[in-house]
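Got some structures for you, see below.
One chain, chain A, appears in both complexes that follow, with chain B as partner in the first and chain C in the second.
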Partner chain A sequence: MTAPFKAPFKNRARAALADPVLKIAIDRTTGNAERKRAAALAAFPEFETARARGRAIKDHVIAHLGHYLELFERNATARGAQVHWAADDAEARAIVTRICLAADAKLVTRAKSMLGEEIGLPHALADAGIERVETDLAEHIIQLAGEAPSHIIWPAMHRTREQVAELFKAGHQPPPAAEDPATMVQSARRVLREKFLSADIGISGANFLVADTGATCTVTNEGNAELTTTPPRIHIVTAGIEKLVPSTAHAFALLRLLVRSATGGEMTQYTTFHAGPRRPGDADGPEEMHIVLVDNGRSRMLADEFREMLRCIRCGACMNHCVVYRQIGGHAYGGTYPGPMGAVLTPVLDGLAASRDLPNACTMNGRCAEVCPVGIPLPTLLRAWRRRSWREGLEPGSLRAGIGIWAQVARRPRLYRLATRIGLPLMRLFGKGGWIARLPLAGGWTDHRDLPRPAARSFMDQYRAQQKARK
Partner chain B sequence: MTARDRILSAIRATLGPGKPPAQIAAEAAALLDDPDAARPRLAAPGLPDAFAQKAAALGTSIDRIGSMAEVPRAMARYLDAHGLPPRFAMQPAPELAALDWSGLAPHPGTAPDEPAALGLALHGIAESGSLVIHSGPDNPILMAFLPLHHVVLLREATLLPHLEDYAARLSAEAAPRNAILITGPSGTTDIEGSYVRGAHGPGFLHVILIAEPG
Partner chain C sequence: MPGEPKPTVGLFVTCLVDAIRPQIGFATLQLLEEAGCVVEVPQAQTCCGQPALNSGDDRDAAHLARQTIAAFEGYDHVVLPSGSCAATMVHGYPELLASDPDWAARARAMAAKTHEITSFLADVMGYAPAGRRLNASATYHDSCSGLRELGVAAQPRALLSHVEGLEMRGLPGNDVCCGFGGTFCVKYSEISNAIVTEKAEAIEETGAELLLAGDLGCLMNMAGKLNRRGAKTRCFHTVEVLAGRAEGPAIGEDAP
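Take a look at the complex of A and B:
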């Protein structure tokens, strides 16, 4: 969704850093996710082989994307589904809205789909005057709060249980009897059940599009996808064109990686393949199934240096392990997708000029690439955006001037050594123990973390002294 | 130009004309060679024990019985243990209708707040402790999602070792509208990561594992 950023990234990040409740919420969820993933991998020694295979499957599909799209379209159509194509978010919104209006739909239930968020479906449905009910528990929470997801697996992870209790008290009739998670989940179950059964249309995403059967695949732990897609008259799927897999067996190979990397489980509770609408004689199911295949920048990524990003299976491991995400949470990123994968995708979706701060807000520690289940070199891709931003003149003048001065000094060894000889002792004056907590002109760094106190003498000075001593 | 043409021609412009479909299919199949190298081992020797161990670890309760004829007694045991009434929703499958249900009251159709339902799994998958159900005339999908207690019959003879073994059957048969792998009771970790059962689907999943086929 090309939502205009409310405030510059730096302001959003500063506000997030100043919010102690947010920090608690982030730590609880990402800490849990990190521990559970580590345990799941320890119990699966074949993970590295599975990861190499997962990466090869995605690369194979990407290399033959046109072939698989047409194969999927043919097989899905043969099963009675109607396949639509959308080049961008506006086209995708228009297709879904048109189907809803043609069916005279009043109430639409939706199972969590990040692609749906990406194309701005929630707003489009509201604009068309259609009641939209989010059925994933976390999406239900943020719908009550009027917010966007802050994580691709746990969209409401920025909310503590106390905050959720407030939202449910105001939004559920009757309100939940207590504030513990179990009672609140029961309350949501009761409220949403009525909606499931009275909806005109159910909208889901897809974790996989299976080319040889024409089926779409959803995975959930709650069971909300099946309750969203079965009772209504129409089931609409919105999916990115990179979700294709050759066969069900390939989907399973990726599923083993996806679930372990996302939640530390081995399988989601419900893994469901949807192949077309209700068959003659079927006991239940929708009368119509529509599948909207969405490009929205993906064929462009295929053509440029961001092709590897099309491997992404949206597990969220990169953000759970990102030191920046774990400080500022998801909303500060300002796009649909947060964390490292979001910092690569947001410039594709919203333009680099509006999002150049995101690739810059990375420490390059490489943890995201280490945990990525399909081997996406995220730091390399973020560096590619930095290079492009520089080339396109998007970096501010002060930064360009600063780097220009540094380059002048760095290319003159004598001058560089002189500068370090003057600078080092000055910096050391501000240090206590091994760290500098405050440094003039470097508040942007030291306000939120300490700077290591430099050694008394530069590397070159120490090296020379050592060489001299040896002689 | 339609959106379809625009997308496909943009892809073709980047990727070139493409290989023959048979060659692409062969490459795709080769990616799955030596499946054991990239999948977990079974939790125990023997499919029933491996399945039971995995399913139990996910919070699924298990009752192992000898034959189909014992199913009504096993069902009565379960309902009784959970303080449930003898009335429950039952999948309209001939092999279930053929059993002697005296003392219990199975009914077709599932109410929005149905306390319990009994259904039949097509397969069990030992690797993951998953149950497989397919939609069809005698299997309404909502029966697996609306009740609070979902009781599923599974024959040991239908157990498959790995997910790939099921995938092979799915592409061989005509795939149904819905093919669902159920792996444990419905749950959520959406509030502060704390695990709560029965988010939307059943809060209790009970498997009656039958040693002898029918």
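Take a look at the complex of A and C:
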């Protein structure tokens, strides 16, 4: 999708840092998520075994993706679903729009799907003149606000409940009678219920595509996916090809990891396998079921160093535990997917030139990899993007020059000693007491914190002098 | 054991310790000798190459890796007073030089004998400081690379428990990054500042007189922020306390 003009990453980050309400919202959600995940894992002693198994399942499918895609297509087709293949986001949008227009759809309900965001589905439907109603409560909130998701599990996490009350007051007819969560949820239920029953088409994503049954699986805690996919005439699934699992048992093995890592629950409230359209004798279900399998860069990842990223089950644990995400939130990343997993995926989707800041804006502390339920080495993958960015000349000239000069000196130990002998006393001139409060060319440091004044003589010089004196 | 030759250790002091706080290097040297090692400080050392490695400049990083390996591979052990520089040698070098037929095996061999100082003292040498006293309260921050890439967590705490009079206080979020991240802290200084501000608040809330950690980069970041905020917390590298060298000036307190 052609990205709309965006301010540079640093400006977006700066704006986020200056928003105290955003910080409150981020801390509430990620803090809760961190605590609940920790509690869930404490009650799940077999986590490491489950993680190894989850990783093995994903690696197996990735290694045999072609086989499982064909198997899935065969079985889904046998159940009466129509399977479509989309090489990229534009193709995926065109397929969905074509189905909607052919069915003369006026109203489409949609259950939360990050893949839908990735392919730009909300805009495509609007462009086709189709009314879209988001049925996930958080997606409903950001639809009212006219925003994009800021987290892959809690799309409206950047909004406090106080702000949500304002949005509902303005967007619900009649407005909710009170601002307590229960009344607000009731109000959303009432507004959404009408849409569930009058929609022509329901669109969902898929948490899993089950190859041996041809079913797609959705998990929610609100039941909105069931109400999105069952009453309308047509159910469209949009899913990335990495969502494949060999069997239902494998889906459950991954679900154990996904739910605990995402919300700290043991199981989602609703876990539904959608296996084809309504059969003769079924009480309900859509007349048509379409499954759009989207590649959009995934087969390219399969062939390069980002292959391990295809393991991702979209739990959000990496961002909940990321110090950078917890300061700037999701929107500042500027892509569909934020946080560490987004910093790996966005360069795949939007190109490295437009997103080189993301893999760089990371302290490499490794907490994301530590919590990842399928063992994705996120810092290693981020470093791979940095390597590519350096190689392709995308890093700023000042940094290249700085590293280049430093490296030339560091590669010559005698010159390096000489440089410290000259540099340290010079640097000390800027100090007062033990600290340097301002240093030319070091504003990045001294704008925010003091710099300890360096030693008058380096360790190596002092050590050498001591050795000489001993002899 | 009597009669057994003492292990030789090549001490890599790290570029930050060399320039900013040599005392950490001397404390490390002292502890290694107390633990029964023969310590040498190869003159060919400069920087482990992490700034290049983290910037994606693998060519310069690999050059520094080869230079460092050549200077240190002859020792029984290579020891550093930094988890992050040690992790660069343990994980970074073998990865950087994996496809270099002349260096891959040498990088792996050196990685296998490279250690962060507190884990080396506790795990390899079975050392415990004796007769050290420091009447102070302290809190400890786990630097990320040492913690997650090398498993440095229990060792510094165990060693510090031998220092009499030292009252250790828990630091909420002790395993959360301080926002240093090498070049990150200047490239994305505003984000780094927001992170270290939270860290400084958590440190101040412990009420501890001292902040201890095992990486000078992280310490400079936290100490610099604490000082800018007017906090009175004094910051030392763990080895300074272990070596009985925390009576003098802390980081940022100028020696005469």
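Quick notes on this structure:
Operating definition for what follows: the second predicted complex is superposed on the first by the 409 of 471 C-alpha atoms of A that agree within 3 Å, B and C clash if a C-alpha of one lies under 4 Å from a C-alpha of the other, contacts with A are read in each partner's own complex, and residues count from 1 in each chain.
One rule holds for everything that comes next: a contact is a pair of C-beta atoms (placed from the backbone, for glycine too) under 8 Å apart; a residue touches a chain by one contact, two chains touch by 3 or more.
Computed from a predicted model, the values in this text were never measured in an experiment.
Of the two partner chains, chain C is the only one that A:Arg386 touches; chain B does not reach it.
With both structures placed on the common chain, the touch criterion links A:Tyr416 to chain C but leaves chain B unconnected. In the superposition on chain A, A:Asn207 makes contact with neither chain B nor chain C. Contacts of A:Pro231 after superposition: chain B is touched, whereas chain C is not reached.
Residue contacts after overlaying the shared chain place A:Ala283 against chain B, while chain C stays out of touching range. When the shared chain is aligned, chain B comes close enough to touch A:Leu192, but chain C does not.
By the document's definition of touching, of the two partners only chain B reaches A:Arg161; chain C does not.
Note on chain A: of its two partners chain C and chain B, the one contacting more of its residues is B.
Contact residues of chain C toward chain A in the complex are 13, 15, 17-22, 25-26, 29, 41, 43-47, 49, 51-58, 60, 63-64, 67, 144-145, 148-149, 175-177, 179-196, 220-221, 223-225, 227-228, 249, 251-254. Residues 10, 13-14, 17, 323-324, 327-328, 360-367, 369-370, 383, 385-391, 395, 399, 403-404, 406-407, 409-411, 413, 416, 420, 423-424, 431, 433-435, 442-445, 447-455, 457-460, 462-464 of chain A are the ones that touch chain C when the two sit in their complex. Of all residues in chain A, only 25, 28-29, 32-33, 43-44, 46, 49-50, 53, 56-57, 60, 63-67, 69-71, 79, 85-87, 91, 135-138, 141, 154-157, 159-161, 164, 181-182, 184-186, 188-189, 192-194, 196-197, 212-213, 215, 221-224, 226-227, 230-231, 241, 246-253, 255-256, 263, 266-279, 281-285, 293, 295, 299-300, 302-303 touch chain B in the complex they form. The touching residues of chain B, when paired with chain A in their complex, are 2-4, 6-8, 10-15, 18-19, 21, 24-25, 27-28, 31-32, 37-40, 58, 92, 112-113, 128-130, 135-142, 144-146, 163-164, 167-168, 170-171, 175-194, 196, 198-202.
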